[in-house]
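Below are structures written as structure tokens.
In what follows, chain A forms one complex with chain B and a second complex with chain C.
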Partner chain A sequence: MTWHIDDRMLALYLDGRMSDVPAFSLETHFLACADCRRKVADGVDSQREEQIWQRLLDSVGQSELRPGERFLSGLGVPAHVARLLALTPSVGLSWVLSVAAALAFAVFASHGLGGPMPFLVLAPLIPVLGVVVSYQRKLDPLYEIGIASPVGGFRLMLMRATAVLMASIVVAAVASLGIPEIRFSAVWLLPALFLTVLTLILSTVMQTASAAVVASAIWVGGVITAEVVASEPYIVFGATAQLVFAVLAVLLMAGLIGRRDSFEVI
Partner chain B sequence: MQDTTIEFSSVDKRYGQVRALDSVDLEVGRGITGLLGPNGAGKTTLIRIAATVLAPEGGRVSMLGLDPAEGGGRIEIRRRLGYMPQEPGFYRNFTAFEFVDYVAILKEMADRRERSEEVRRVLGVVELTDMAHKKIKALSGGMRRRLALAQALIGRPELLLLDEPTAGLDPEQRLRFRETVSQLANDPVVLLSTHQTEDVVALCERVIVLSAGAVRFDGAPKALAETASGRVWIGVDQDSRAALSWRMGDGRFRHIGDPPPRAAPAEPTIDDAYLLMVGSTSDSQQVSA
Partner chain C sequence: MRNASDQQLVSSIAEGDAGALRVLYERHAGWLIARLTRRCADQAIVDEVVQDTFLAVWRGARRYRGEGEVAAWIWGIGIRRLLDRFRRRRVPEWRSGGAGSEPSAEELVLLGIEHGDLAGALDRLSPELRSVISATVLDGLTTSEAAALLGIPSGTVKSRLVRARRELREALT
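And then the complex of A and B:
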């Protein structure tokens, strides 16, 4: 052996300040030199070693961040909630794409019929369908395990419903830009909120899918009735109707909180 | 931890006209307790009520000294229990790690590093560390059962509720499962339901036999076997009057019930006692091999 590690090299190596090539050379030397191995081992900061091991274990053990998780974290959603929502298949990218496709169809239909009615009827129903997909027990294989957890039940349902509602609103708002008559108008927003909460409260007394069908029927029936009775289908998007939807949504939310125990059992 | 972890007082549950639990009184404390009974006996209903995912229609339930009917109590119970349902569902495109990580978030583990350590720990307990990054759809049935157990072990629960955990497992997997449960580090209270008497003999200090929604026996496995004393016989002929009678490998017949002609008394097993107890609620049967 012609050389051994000196104090300057040792300090550089242990601090992680040595560049790659001399560090690799030194490590090759360690394989053959017990004295230098011992010298390095004696100089290692055990706390730093522990931190490096921990980082290594973390990087090996953890799964990669999903795109949706990064997006939600970027919006300020707590990391664990972002993971919970991003990992739930029913509120993932495929859902957003399906919604976008449905709304694109409604935009084209609105252009074809010369008015925004197809879009305005469909947009409030999108979150209703989202609630069914995200919280229908038959569609969620982890439903029972979820209910038995402290976050499961009402809290998990609210988290998912909020995520679905937000995602639907964003996609619908973008889609509405394709219809000049309602561009930058959010007249479908309060009906969407009302119908979502109505679906949730109905799901405490019937299957979620049935609740969605009833809520959708009420909505479509209401629009048709308005046209027949008042000869003015757009009355359901007028200022008075918006106020009624807002009041009803608040009342139903209070009712939903009162019925929260229904979401805590299968 | 108090001695009594699960307390049922006159608990009733019906599904339409079917009475799943009929005024069940029960106290479960330390150790591993087996819930034995045939299909439809009410085992899953009882475990689900204990897991707070099902509400009883009558009676009173207390878990870990808390009332699951009350919101705050229910959440606190859920923080302290681990639950493996009879048919645990999976997101098949998740990896094993992602699945357990997901359940860990549901168990309020917000810190990523702490959660990651715990996920690795429970996967190690069920010997699935090497499969951590395999998709669930690529795992065998036995591995999925172990994965379902892993999620129940997150957070070292004080109470572990396992519904038919060995169903569908081959003999080696069953032995592996028993080894895992018997070696759990924090010594949780375990209530496991099964219709396999071998599980009870191998694991449980106490066995509760449930039949038609009612508790038929509550005691040590040995005491269950003793309930069949004087009711088990070995003879050369099959006896049509026996509650149960079957031919054994050596050509002789084992009878359970009244003594048949030309038969000698035999040492009862837990199987004999269980068959006698459960069979007495239905018509006499004959089993021949």
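And then the complex of A and C:
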């Protein structure tokens, strides 16, 4: 190429004083000439370039991450798992907010009744509801991906159920601080685990929503029966009952692993 | 990596190499800023467009077909990002030409060396015809993109292009 941009032309161009036709010529030229591109670039404030670069780095790092993913990655969760979990509907903000509202109501009811019973009955049901929300086709942005996922239905289900359980526990634990009687005791935790696994295993033989209804009915019915029949109150949350829930949860988990194949085809 | 060609850099970027993005940025951000500045006076907008452009390069490096100047590909992204900004604002701040001035004698001499009559012919086009040539031929926009940029119907862009071509042909024969 015999023609190159000289300093006078460059100064006119960079100042915006060059008229159309010479500018056309110059722009067409430097699109194909790396040396002249460098010359034009030298006329641009390098500090400004650096500032744009810094902002670009931020957006390159963050643009592909949802807020939840960023949080999970910060906790050391692998990126692909964080993506899956962040897209689990029941871990979403709207779900957490509605659960928080329900629990707040339970806390107030517990105060009104002079005992923590409403809260203790509701808290273990939160992850059950979460499981339903997680597996409702209409609510799930990952439904099709879940079917086609190479992760496999069973592992996917376990990861998401764990996420649901964790999110529920955090919300319920915060809510429990509002009730003086139970504050730091986690007597609702093992029933929650038991009911979640029960719902999952029931969902292998019926719709997830029906499974949740059955599990909830068993829970509420069981608590009421125990309160009526037993001599002392809150027996369902006593030490013996805790042990029973733990054993049942382990047994059901074993059963769930035995039925893992039914999660591979949805 | 400093010695890699632009094409090699883009394929490294497609594999997620942020270092290659840095080198490509150093090579191309400067002229992109200068060229966008000629079309948009607002420095903040130009900065955002440059950032958007390289973000698009980062995400879309796989879509580069491996032929033609990488600079031209980057410009194609950049001018469209700028266009998006204009569309969103609805107040076109597009500017064309150096404050509407006639080319200086100096410029004409400089250009005369390479372009002969073409420079004069282009210059004698009315500003409307010239801006259409600029948007389509030079910036590589489609008719409808040029229409959005200049704030005129695409039918008008087409008819102005036909007129511009005819006038240029007449001036050169």
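Brief remarks on what is shown
The rule we apply is simple: the second predicted complex is superposed on the first by the 188 of 266 C-alpha atoms of A that agree within 3 Å, B and C clash if a C-alpha of one lies under 4 Å from a C-alpha of the other, contacts with A are read in each partner's own complex, and residues count from 1 in each chain.
Keep in mind that, in the parts below, a contact is a pair of C-beta atoms (placed from the backbone, for glycine too) under 8 Å apart; a residue touches a chain by one contact, two chains touch by 3 or more.
Bear in mind that the values here come from a model prediction, so they are computed numbers and not experimental data.
Legend: residue contacts after superposition of the two complexes on their common chain; A:G112 is shown touching neither chain B nor chain C.
Applying the stated contact rule after C-alpha superposition, one finds that A:D261 touches chain B and leaves chain C untouched. Once the two structures are overlaid, the count of chain A residues touched is higher for C than for its counterpart among chain B and chain C. The residues of chain A shared by its contacts with chain B and with chain C are 63.
Interface of chain A with chain B (complex): residues 54, 57-58, 61-63, 78-80, 83-84, 87, 89, 140-152, 156, 260-261, 264-266. Interface residues of chain C facing chain A in the complex, by the touch rule stated above, are 18, 21-22, 25-31, 33-35, 37-38, 41, 47, 50-51, 54-55, 58-59, 69, 71-72, 75, 96-99, 101-104, 106-107, 110-111, 113-115, 119, 122-123, 130, 133-134, 138.
By the touch criterion stated above, chain B contacts chain A in their complex at residues 48, 51-55, 71, 74-75, 78-79, 81, 83, 85, 88-91, 93-95, 97-98, 101-103, 105-113, 115-117, 119-120, 132-133, 151. Those residues of chain A that touch chain C in the complex are listed here as 3, 6, 8-9, 12-14, 16-25, 27-28, 30-32, 34, 37-38, 40-44, 46, 48-49, 51-53, 55-56, 59-60, 63.
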